[in-house]
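Think of it as A, B, C and D in the order they're written, each chain with its own count starting at 1.
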Amino acid sequence: MRQEIPLLITAIVGIGFVIQYFIPHWPFSRMSDWFSDWFSIVGACAIILGALNLLKMSIEKTYRRKEDWGYAAVIIGTFLLMTVIGIAEGRGFRNPGTSFDWLYNYVYIPLSATMFAILAFFVASASYRAFRARNFEATLLLIAAFFVMIGRVPVGHTLSSFMPVGWQLSDLASWVMTYPQTAGQRAIMIGIGLGIVSTSLRIILGLERAHIGGGK
Amino acid sequence: MEHFALWLSAFLTLGILSFLYKDNPWYKLSEAVFVGISAGFWFVTLFWDNLVGKFWDGWQDEPMLWVGAALGFLMLLRLVPRIGWISRWPLAFIVGATSGLWLMNYLASNIMVQVQATIQPLFSTSYASGPDAGWGAIVGSLVIVVGTFTGLVYFYFSKEHKGAFGATARVGIFFIMITFGASFGYTVMSRMSLLIGRIDFLLGDWLGLIN
Amino acid sequence: MTPCPRTASRAGSLNILLSVFAFIAVILSSPRLSAQEQAPTDSLTRDADSLALANTPAPPVRVTVADTDNDAGGSISISWERSADDIEGGKVNLYLIQRAEVVDGQPGEFTEVGDSPAGKADYSTDDGNTSDDASYFYKVVAVGVVYNEAGERSEFTSESDMVGPITSSPQWFHKQRINTLVGMFLLSFFIIYYIVQAKAGKKLFIRKIAGMEAVDEAVGRATEMGKKIFYISGIGDMDNMMTIAAMTILGRVAELSARYETYLDVPVCRSMVMVTAREVLKEAHSKAGRPDSYKDDMVHYLTDDQFGYAAGVDGLFVREKPATIFFMGQFYAESLILAETGNSIGAIQIAGTAMPSQLPFFIAACDYTLIGEELFAASAYLSKEPKLLGSLKGQDIGKGVVLAAILLGVLLETFGVWQLSNLFSVID
Amino acid sequence: MSTRAKELIALGAITLFALSFYLNKVWGRGTFEFPTWLSAVVIALIGLSLLWILVLTLKGRLIERRVVFVYVGFAVALPLFMSFSQKITISPEVYQLHDALMELPAGSKVLISFDYDPPSAPELQPMAESIIRVCFEKDLKVIVMGLWPQGPQQANLALEKVFQDSAIVAKNLQYGKDYVNLGFQAGNEFVIQRMGSSFESMFPSDYEGTPYKEIPLVRNVRNFSNVDFSVNLSAGFPGTVEWVQIAVDRYGLPMGAGNTAVQAPVMYAYLNAGQLEGLLGGMSGAAEFEAVAEYQAKGTKFMLSQSFAHVVVIAFVIIGNVAFFRSGRKSKLRGN
């Protein structure tokens, strides 16, 4: 029973959501709206599980004085700080001027923006280390990347200003983006579409059942 | 307070950047703060936007929301080890609904529309977007059809990539590689822009060296 | 009064009828206007009238109303042709749509329900706020706004004729989507057909996919080195097919690692993924015959935040130094941070995603990468179960149909025979 | 000297450096800008040192990845002190978006969805500012919303910036009549789906709490069919892909997009299929749009750093490949 009921739920719900695409009439017209609400509510409940897990792991680490336990304590402290302030602020927690907003602006934003910006360095080191003209395919990749990189910034214009209009680096970059790039992109997209259709069907038919776990 | 805020931001910014040198206590501290603060941030956001915003504010008008609450409750039964397996029901529900929704969305947007867009007369300039539609566009229209066709052949699983079929698949991978090259170029562009933004903060907002 | 619900099929002829009526009405109404012009009483009104005459725009024409097709009801589509004065520098600034509910067979009071700026060739818009139980009359008003020297604003309006009554209604089938329905049935048929065939024992050929062939080796290496394996399932939640695909692949990987008795660490970014991954792991361990080696802590939640998660996982990588790392699922910018860090500690990395923008760097930083569709095929491939492999074959037949359609369509359109592409149209 | 001591010295130097410049700022001393000769010297030095690295690589000595990091840092930071005027070439898809906006009759309603947060702002904020400015110059009505919690705040920042311009101020635009900020709604792509039947159900009140029905600009806007054009500024999920799949493919909303450069290549398939009417990709897209709209702002200003960074990356790709071919094309190098 532990497996059959979830399988049945998956199948019925899956087919229901396929059907709703074709029927504009109520209640089918509302199904995806409902699902979005339900998913939001389940998500909000689930994060309690996640947060408890994070706290449990960190408390254990701190309590047992495992290596780097001090940082685990920092996680507990900052998590509780943000949560307590956010809940206490009430519905307007996001408004400018609240403590939550202060923490958001001066702690959260610099951290996530920097993590984001670190990518610039990683991109450069990956370029140096891994993008090799190993074979014809890889060479094509590099050539396309070169045209795009140089053609999309003003330096490309400066370097190729002696060429006739239509043949300058920026024009070539545009052409690469508009045609061969789009073609490849589209092949990938159609492939992904087919893959998703097939995977969805396998799930609805109950052939893929990893998410359901085992039966007893 | 304003000075403190700026220095705090800068301290955390540099802490994350120090990871580039190597893993170190400054990074570990920034990382721990980040994990804690962001977990709290999302907890609070989901609490107010989803639990309160979607359920609490609406259950009087929309009885269907109770289904969501029930699913959420079943999910929370995870906390009771003996009947934790019931949480599979909401999961089965979510996976089923996602499968149905994605099946149709991707069939329509990724397959139907893209196939429709690929079927275009050759040697015409109908693809051209923008002012210049010359030879580039005419060759381009051919390139799009050939690229999409061969690229799709590359993804064939049930046929050995040999002979003419293999050659077609190989042309396909050429196009996919050009696509990745373009993506690579654009990613470099994007990441550099973000770094520019961050350095603009450090040198401009924090240290006031540039305007 | 009898509200007249109209079915969608009748809407077309109704439109024509209405436009004919509207046209006649416009012709009849023009002399009446000129009759009004000739009735000035004193000089003040004459000034005002001449001002009005100079600024009053011609009314919009050919107003048609119809129930909005393929919807859940509650909406009426209105279209009209521009007023004669709706030209560059003309007298019309905007149009207002007015509506009156039918009460006892007569239009009630007209109220504004929509507006549209002037300056287009033809107009159509929806009034998406109707009740399916009521009938309505509509009219469209051309409005000209004039400012005098003092900056005072005055409006000059002229109304179209009233059209209606009309009632909105919901439809039971979305006619625009017949082609998608056919496509869905075809694809499903192919896939299910080959699943059945495979079940019946028909041998199917599936080509080797390097990334998946390497899974065994990658898990084995971690076992030899006595180090952990990390499985990163991306930042998507359970409402994302890539994450669901990642979970099914996790099942295969976990079974393998359980058999080899290698510790699999799954840090996740979504609580619901945590719950799912635990189910997956538990089942995989019992399938591998080692239910005792499963621990809940193998799957642990870090934070829902994209970069918070990336920072945390990076830390785990450099401190735990895993031998093998899997990246499967939906990835955004964090992909490179993670893959580069994984690369710098010398781990074997296998990645798979359907995010085209992240693929180049996965290809650069990882040893093997599953591209797009391959991610969705991975679980079936790894399972080696005939019926799952059958679905891949079915998917390929679908691909064949797409390829044939492209080839045929391009030929037909190049020679101007037939617009095959219209068959694939999903947008009205 | 031990590594530890060196690290501490470096840390101290950074702190001192920062502190001294910070005090410099607090005391109100001005900003720095390189004179042209210094800019030229700096550029020459960077170029020469890259050549030197190339020579080293040819001799078989490979540089460490941290050296690459340092170069990237300098390539981005130094140009911020320089001022060169550069010619920006405009791509067709940028023209297309601008044209689409220019062709709208005055008074048309443009829906702009802000689907990004501060970390992506360097790329998208300049776009937001210039798109809003173009709309206002053209007397279009702007309806702003966000699928990301911080989107509406970014929109307000952009509006603030646009209203610093005296030409825009002279138009005497009024909140609620000429532009409105509907705020944020949770629910990702489902918000778009529901807006298809009713905007009001998703945004019962605007950012400032005014009930939807009481806002003159949107009083008559029930769903997408009442909006004339839309622009989506997106940094990921939910973003342009979802808008295209739902608002464009199902409801026929005309839409242009501004994307982070990472996402932009995928959008070309949509652009080519006519699902998008115009596209701005990354900071260069922003700069190009500024060039079309004929005014200069951050996008243009940062283009110099952008050019530099690209050149440095290309240089390292070349250096890496030189090392690869020199080592007899054996295998890819494992970084340290």
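In this text, a contact is a pair of C-beta atoms (placed from the backbone, for glycine too) under 8 Å apart; a residue touches a chain by one contact, two chains touch by 3 or more.
What you are looking at is a predicted structure, and each value in this text was computed from that prediction instead of being measured.
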Least hop count linking chain A to chain D through chains in contact: 1
Interface with the most contact pairs, given as the two chains involved: A-B
Centroid spacing, where centroids are CA-atom means, of chain C and chain D in whole angstrom: 24
Chain centre separation in whole Å, for chain C relative to chain B (CA means): 15
Residue list for chain B, restricted to those that touch at least two other chains: 10, 16, 19-20, 28, 30-31, 34-35, 37-39, 41-42, 45-46, 49-50, 54, 75, 78, 88, 91, 94-95, 97, 99, 102-104, 106-109, 111, 113-118, 127, 129, 132, 144-145, 148-149, 152, 155, 176, 179-184, 186-189, 191-192, 194-195, 197-199
Touching two or more other chains - residues of chain C: 72, 177, 180, 184, 187, 238-239, 241, 244, 272, 275-276, 279, 302-305, 307-308, 311, 319, 333, 336, 343, 356-357, 360-361, 371-374, 377, 392, 395, 399, 402, 426-427
Of all residues in chain D, the ones touching two or more other chains: 65, 69, 72-73, 76, 91-93, 119-120, 149, 186-187, 197, 249, 262, 265-266, 269, 271-272, 281-282, 284, 306, 309-310, 313, 334-335
Chain A-touching residues of chain D, taken from the complex the two chains share: 65, 68-69, 71-73, 76, 86-89, 91-93, 118-120, 149, 153, 184, 186-188, 190, 193-194, 197, 265-266, 268-269, 271-272, 281-282, 284, 303-304, 306-307, 309-314, 316-317, 319-321, 324-325, 329, 332-335
Sites on chain B touched by chain D in the complex: 3, 7, 10, 14, 20-21, 45, 49-50, 53-54, 105, 108-109, 113-114, 116-117, 127-132, 144, 179, 182-183, 186-200, 203-204, 206-211
Touching residues on chain A, where the partner in the complex is chain B: 2, 5-7, 9-18, 20-21, 30, 32, 34-35, 37-52, 54, 68, 71-72, 74-83, 86-87, 91, 93, 100, 102-124, 127, 131, 136-138, 140-149, 152-153, 166, 171, 175-194, 196-197, 199-201, 203-204, 211-213
Of all residues in chain A, those that touch chain D in their complex: 29, 32-33, 35-37, 40, 94, 96, 109, 112-113, 115-116, 120-121, 123-125, 127-134, 142, 145-146, 149-150, 152-158, 161, 168, 170-171, 173-174, 177-178, 181-182, 185-186, 189
Residue ranges of chain C in contact with chain D within the complex: 72, 74-75, 77, 93-94, 97, 112-120, 124-129, 307, 330, 332-333, 343-344, 346, 356-357, 426-428
